[in-house]
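Okay, so here's the structure we're looking at.
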């Protein structure tokens, strides 16, 4: 089981490495979105600083959401997903492998990049720390919830929007608490409460999402 | 031009960090390019030499 | 060398990689030497001849690399666009190779212009970076160079890489006038053009002289670096030909 | 071993076949025949458990396949229309991943031998996207060479895109599998020359005809 | 020639209609991005008003950029692009058809939707007008330039990021003038100069981009 | 009419074939043979002008095909491995678009007749994605029925995925095209039974072999 998980992970990471683009994709998108804002909004430092947590979190959320399209669809198209369903391993395990690789490729780079971008917006050091922690707790939730949405809409007409519509209502709480935590530090009130809640979301998602996702995949393949 | 002393020269009227930061990075970058170019040429020649050697061996075994 | 069978000098002769390779090898040290000499003179002028500026103090001495680097960054892009276009239209391999070889050096000078500009901005404007038109467009130029190199690196097929790069370079050329005129169009922090063909230069003679000599030095450096890189590119791409085999492997 | 009981399949508004029953035992080859669009691929997917029949059921060793899905999956290899190759992985890597997911060792030596058998060892290091159609098919089929121990092979048009040499190779492999008590289910529009202890033939055209008449 | 253009257009619009999702996609994305910001940044009216032109334009730019991935890739995958190259019609014409349909499906809806979203941000009426005009002039440029980028990266390793990398530098001027025009109205200086420049970009792009795009497609299919 | 002069094709590091010359006149069928990966598809793409040969040239009516690309394109139909069907359009719409882009009338009656000929008229209103593999191929081939006036047909594995009835139908269509002075170029691993004024055969395996020996 662990071996199968390992191979799924390994394959997806290898693929990602081959199509380096796609990994960097989420990251570049994140950087671009964040850097375009000053160009559009104008260069006032204080305004940029106020916007920063919101901009960074929205960008992270979008980056994650957009990479969902490539989570199962290519496997579906080239027949690999069929083979995964027939692999003789519990599907949940394989799904977990795919979600982990998705997070490693789309979530983790954002977490690592965020402080640098925060600097551009002149965020203070403690806010940067909380930003990182909140992203570290929040992005896996985005990947997990997103995987369920991606599985549900697999091969469905207009899946692009559908996935957005399905997934966003669930993303919004993460966004609010994530951006809120950074805002709270900046405002001087502690961020613990926000971060605890994010942690709770994460625990819940880890327990439930893979099962939901596996079930959704079976349904989609019928 | 009269800088008086090395100190003055290095201080650049209080702007030493900026001026020397600029010149130093420019120098480093240009030297890095030169080194990279030399390394690239060496690498190419080495790789090609191996490639031709292998090709020659193949020819000989075929013949 | 350079003579066709009829004895006349021929450009076409040198448009083949095989005959250009040795020519580049001969020219390259000369340009390198010129670059060193010009930069040495330029540096002497910039530190020991040019006087301290009344308003900016000695911080202005960054100008002697900032402006030449900024010029080269734009100029090299134009040259790259030119050779790309020639390669695309006339289908000459050498032109494409030259374009490929120019990109890294161009990107380098763009980076230097950005870096020195940032270091100059801190003492004069009080900030490393502003989202000002010229700064932004110079940053865009860097992205264009990087995009060109990334596109070529991402395509395995050599011919396709050349042509696709050429199309991109030509499309990107449009950015050059935007950078150049950006200061006119937006009124921003950055200095307007103070060297121009039409009006008399507004800066001190020595300053201008230093800057021009440094620019010449950078120019020669770019030529030398490009020639060196073209030679590598030629070897890599022509490895299947007999002449490269003879050149490197001793025999074919 | 494998038994179909009154299978029926409906896609969209169309009933493709109904009342389809057959049995397959060790050493037997089941050839599913039928015109284009008669439902061969659909039947094969039902047999894999990828598609639910609209009526009837399939039993493996006496138990409905839906009951022990993973157990059943471990007993079969399915090679469909799609080659299940990742364009950006090399032929070798593709095979390794497939083997590993099927619970087999992914040792490169064995993989290369399998590719060799199908004459694509020289492409092992090429990304799948530059391979020719036939080479891709060969790489997909190389999985069979590794799956001698898996009893049930379900193959959808395995011969398509293959040249004569590869067709013979595959026929040999199928015959060997049948000889060692394996089972093969396949669809093909070409004639099969495989020696089998018995060849069961299901002709879907007849089943559709029966239905239309009824 | 016009007939061929008409058919390409007709086909793409029909397809878009069938996969309604994909059309609404760009629009939904646009709306989502724009609406997420108040959630992330907080509800101060004056700050939101200042951000508005930038946010709207950045969102439009991203929406357009993301839909580029589906401009030629599906045609490439299913072999339709080959057939277009062999159609016996000048490729530029067919490319023009595709770009027009891309704009109709990704640009035009944004233009129509923008005033509504602008209202959300409390933009004054004249700014809304200029916003619409600037988007009307600017989004076709985005489609045109984007098509060149999409064609250049067709089937290339990691084309997702590459296209962003190639296209964004060329998008930035459009963004600056587009957002700038709205800002200029808000600031009381006229927006004519900005809009004129956008018009100039459009004229240039209309003349050059289809040729570049056709050339890039031929190169990509070799 | 169509003449190849010393064509050579190199993909990646491999030279697939070289020094390939042949001529094709009216009423003749050119069959490109060769093992998987020998370069048949590449040759066909070169003949369409989709791929540039690494050396040599192709001439159509005496002029290099690169010179008058669009003119040449109007004189050929190419049906490749890929069916060029849009999954979300119906079979009928797919055929209409293909016809319109080829400069023919896209009148539904004619389209339906063409689909009928290939036995897929009953699927005309179904989106291509629900069609079976063979039905998709049939829809793609229905273009040929509309293209009787186009002299040069270039077909890559046209028989793949077709059942026996469809193969016969296609063979009949090819024979008719050849009889009316058309030209057909095809690759296939199956045997062709088409009556032609002459069958030219190019075997790429021989060209590769020749090259390796040199």
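Just a few scattered comments:
Per-chain residue numbering starts at 1, and chain names A, B, C, D, E and F are given in the order in which the chains are listed.
Please note the rule applied: contacts are C-beta pairs under 8 Å (C-beta built on N, C-alpha and C of every residue); 3 or more make two chains touch, one makes a residue touch a chain.
If you're wondering where the values come from, they're calculated on a predicted model, not measured in any experiment.
Any chain touching subunit B that also touches subunit D would appear here, but none does.
Hopping across touching chains, the smallest step count from subunit A to subunit D is 1.
The central chain of the assembly on a C-alpha centroid basis is E. Centre-to-centre separation of subunit A and subunit F, using mean CA positions: 46 Å. Centre-to-centre separation of subunit A and subunit E, using mean CA positions: 25 Å.
Centroid to centroid, with C-alpha atoms defining each point, subunit A and subunit C lie 41 Å apart. Along subunit E, residues 18-19, 157-159, 162, 165, 168, 172, 176, 222 each make contact with two or more other chains.
Contact with two or more other chains is made by residues 81, 88 of subunit D. Across the assembly, subunit C contributes residues 136, 154, 156, 159 that each touch 2 or more other chains.
Considering their complex, residues 3-4, 7-8, 10-11, 14-15, 18-19, 74, 77-80, 82-90, 94, 221-222 of subunit A touch subunit D.
Touching subunit A in their complex are the following residues of subunit E: 18-22, 24-25, 28-29, 32-33, 36-37, 39-42, 47, 50-51, 53-55, 57-58, 61-62, 66, 157-162, 164-165, 168, 172, 175-176, 179, 183.
Of all residues in subunit F, only 48-52, 70-71, 73-74, 76, 78, 80-89, 93, 97-98, 100-103, 106, 127 touch subunit E in the complex they form. In the complex of the two chains, the subunit C residues touching subunit B come out as 47-52, 57-59, 61-62, 65-66, 69, 104-105, 108, 111-112, 115-116, 119-120, 122-123, 221, 225, 228-229, 231-232, 235-236, 239, 244-245, 248-252. Of all residues in subunit C, only 88, 133, 136-137, 140-141, 143-144, 146-147, 150-151, 154-157, 159-160, 163-164, 167-168, 170-172, 174-175, 178, 185 touch subunit E in the complex they form.
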